[in-house]
Amino acid sequence: MGASNDTTEVATTRTDPTATTPDTPAALLDELALANRILFHQDVVDGFGHVSLRHPARPDCFLLARSMAPALVTVDDIICFGPDGEPLDARGRPVYLERFIHSEIFRARPEVMSVVHSHSPSVVPFSVVRDVKLCPICHMSGFLAPAAPVFEIRDTAGPASDMLIRDRRLGEALARSLGPHAAVLMRGHGSTVVGTSLRQAVFRAVYTEVNARLQAEAMRLGTVTFLTDAEAAAASRTNDGQIDRAWNLWRLQAEGKV
Amino acid sequence: MGASNDTTEVATTRTDPTATTPDTPAALLDELALANRILFHQDVVDGFGHVSLRHPARPDCFLLARSMAPALVTVDDIICFGPDGEPLDARGRPVYLERFIHSEIFRARPEVMSVVHSHSPSVVPFSVVRDVKLCPICHMSGFLAPAAPVFEIRDTAGPASDMLIRDRRLGEALARSLGPHAAVLMRGHGSTVVGTSLRQAVFRAVYTEVNARLQAEAMRLGTVTFLTDAEAAAASRTNDGQIDRAWNLWRLQAEGKV
Amino acid sequence: MGASNDTTEVATTRTDPTATTPDTPAALLDELALANRILFHQDVVDGFGHVSLRHPARPDCFLLARSMAPALVTVDDIICFGPDGEPLDARGRPVYLERFIHSEIFRARPEVMSVVHSHSPSVVPFSVVRDVKLCPICHMSGFLAPAAPVFEIRDTAGPASDMLIRDRRLGEALARSLGPHAAVLMRGHGSTVVGTSLRQAVFRAVYTEVNARLQAEAMRLGTVTFLTDAEAAAASRTNDGQIDRAWNLWRLQAEGKV
Amino acid sequence: MGASNDTTEVATTRTDPTATTPDTPAALLDELALANRILFHQDVVDGFGHVSLRHPARPDCFLLARSMAPALVTVDDIICFGPDGEPLDARGRPVYLERFIHSEIFRARPEVMSVVHSHSPSVVPFSVVRDVKLCPICHMSGFLAPAAPVFEIRDTAGPASDMLIRDRRLGEALARSLGPHAAVLMRGHGSTVVGTSLRQAVFRAVYTEVNARLQAEAMRLGTVTFLTDAEAAAASRTNDGQIDRAWNLWRLQAEGKV
């Protein structure tokens, strides 16, 4: 795939009359909008990046904001997308070029309920250096074990792409790189992290960034002892019971109350 | 010890009728709640970590928040724990899995009045690199002399633990690693710092993090001249008379007034 | 050029009666004042640095704040400058010593509509190390391809200048170093970034700083895979359609609303 | 000098009846209190560090806050000190142990009007690595040329001091290390920076910290080209005319208005 001439945001509206937009509980929309703002306040996303939620009633669909900075997302900005990654109720609102990250991972990984894509700053360097792997350096990031794979877009799109996951074929290739892992790095781009719940995906996105920062620092000190796979698995199970402790703080930070 | 199946927070309530919950002066509870918030605002703790205070009237007991983010702790969240690390007045509130860090250090170190456990970010890298020791690089952190020991949980729990100090046996092993020192690093996890007062423990936790950041930076420049043991001891004694200078600032920062 | 004795800000007022100050739409002045504040809030400028806009009605003229910290600029602080870099309506207000950065680049690059000069902190190190080039490490900074040139003021001003672009001759030399590129580093000083719109220039200034931070970090991990020139060009074209997504966030951040 | 047993703040009050406390213009006290707060908001000082001003009417005296965190200093906290470094009007208020940094530099350097002492974080690493010198890496810090000397307290106080400049003899030794320079690093401690005005001293303290951060980063990239002595001198002269541009911003930041 070469560089597209499409240099503006795609404002696709799917008008297939057989498509129906499923209803979504208001509490879920609130939670997804909040997740957007949390990812900004925890320095995972800047003006770019996005987080999706598999639709609770229609598992082949997912919810994702219109194309905008995550920090500004409210419930009114959330759109439902169909299994092909095209919006069901865009009503002219522009959508993210890279929505196929979400559609293809949701298809490939039935247990995944939420996907976070970001350019979080400590992770990008690990995506561009071949001989180094992002591995769990501490118990907070056991979910990374044994190591996060790296997606090389050139293998699918050739040497002249615009680096974006802008169609289903690239989304499928990314999902294959992700495989059964919790996170996949994207060379010269960022990362994509998944979870079996929205809060778990956000938690993992935050601690993927933390792990990268700690690991880079530790590697400059000397040879690093990483978690064993068994330690990582056990720590990850324990942390899955602790996510709300962080979430409750992050929510208040996103609301400017802490 | 292998990974536990217990992946949620333990909500143990001790109902032994012979146990009595000692009264605690309100000013001490205020101070302990404030210490929690200070540790957050000084970037020592994020959603995780905790700080305890030995009970002034019952030295075999200690005060510690219920399981929650330190930044949000108020006096109503503080629970009294008995010598076995179990809560005396939990009333159903969940408690920290790692309360045994506190119970076993208070037992082993009678002069210690306060314990801070954190994952402060500059310290974790020093916990995972064997050939480097955290040593006092400047007068603010003389209490680290001659070097902070590192606790390797594998030596006690084997290669498949969830990395947490989740029972008394692990707490005892950690206390042995700490020995007579002011701080002990925990491999792939964080650190635990002690003081003869709450303010001293908080002060040391802050400057342990500062020292780690400065030392990592200095080691990249060249060979570092650390404080001699005598310099470290003298500086530490002097700083013990200066703690309130920092505390008064930190309190106002935690209250959003600076 | 040796060090000047002029150690205060130049308060030149051009009184040539044939000069007329062109009218500027209020919306453009608002946008330029906002750009100043955005560059501060995104950590591109501190008390120093500046951003200019080619005059829409008089392409030989440009708009630039009076000499002051960018964070404090309002529309009343914006002055129109003539093709020689001298102010048309200073009315005694002091002007930037380095206004010739802007005048000479606007002359040499007719398609450029905006110029940002800064000392952004991650970029300065790349300006003083000869063997390293600032190259696009990720899709957000494709505009840097193939690499940012470095301007050595000694080649024009000799070994005793005050490092500033304080006359037209130095501005011309800087413009020659810039050539057809989007950014030029200035040895021991900072960088200058250009765009075909104000928002594009600001976007590029922000992501030049981001790229420098990521690249420095990645080079410490190992050998870096940079974007190919074709990837960089394609990514840059795509991003040109996404600039408002970041701008909308940055505006709210500059207004203290996020 | 060995470690002192004096581990609390000295609350010396000079009661010599021949001493008179000179009047100080209120505007100067305001400016000095503001300088304290600026140094905190620009990350030069934390709970520790101090800034002094030579008394305008009594050049053998100087003004300095009582012992407290700089961020909290108001005009009521400022004390006048005599030529021996002892307070003239302490009225029981505790004073800084290290006031002799100020008294002895004011004595040795008649043209110096202000002294800043800090533990600013990027500078400490340069104080503990012998083979690296802090040199001007960019035009903002030309005042550092040719390189900041390093004061080794062991040469005067022996191997067991508490690292502090706690008497006149140590202050004299520090002043000798400073010599004619603008800044002196203090091994395992921090730095002291001087200026011919309060604003210049604050400006230099801020950009000493900035220079250290940039230089450490640049040295990791490769061999650094520093400013020539002539470039540094010329840039320093120019910047002396630009200090208010930064000061006006810093004042508003300290007041929470930016």
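Details
Which chain is which? They are A, B, C and D, in the order written, and residues in each are numbered from 1.
Just so we're on the same page, a residue touches a chain if its C-beta (ideal position, glycine included) is under 8 Å from a C-beta of that chain, and two chains touch if they have at least 3 such contacts.
Remember, it's a predicted structure, so these values are computed and weren't measured experimentally.
Considering the contact criterion stated above, no chain is in touch with subunit B and with subunit D alike.
Note on connectivity: the fewest chain-to-chain touch steps from subunit B to subunit C number 2.
Shared residue numbers account for under half of those found at the interface formed by subunit C and subunit D, and the copies are therefore classed as meeting with different residues. Ranked by separation of Cα centres from subunit D, the top chain is A. A turn of 90° superposes the CA atoms of subunit A on those of subunit C, with the angle given to the nearest 5.
Distance from the subunit A centre to the subunit B centre is 33 Å, each centre being the mean of its Cα atoms.
For the pair subunit A and subunit D, the distance between mean C-alpha positions equals 47 Å. Looking at subunit A, residues 220 sit in touch with two or more other chains. Applying the touch definition to every pair of chains gives A-B, A-C, B-D, C-D.
Of all residues in subunit C, those touching subunit D in their complex are 2-4, 6-9, 40, 46-48, 67-69, 71-72, 97, 119, 121-122, 124-132, 159-164, 187-190, 216, 219-220.
Contact residues on subunit C toward subunit A in their complex (touch as defined above): 136-140, 142, 210, 213-214, 217-218, 220-228, 230-231, 233-235, 237-238, 240-242, 245-250, 252, 258.
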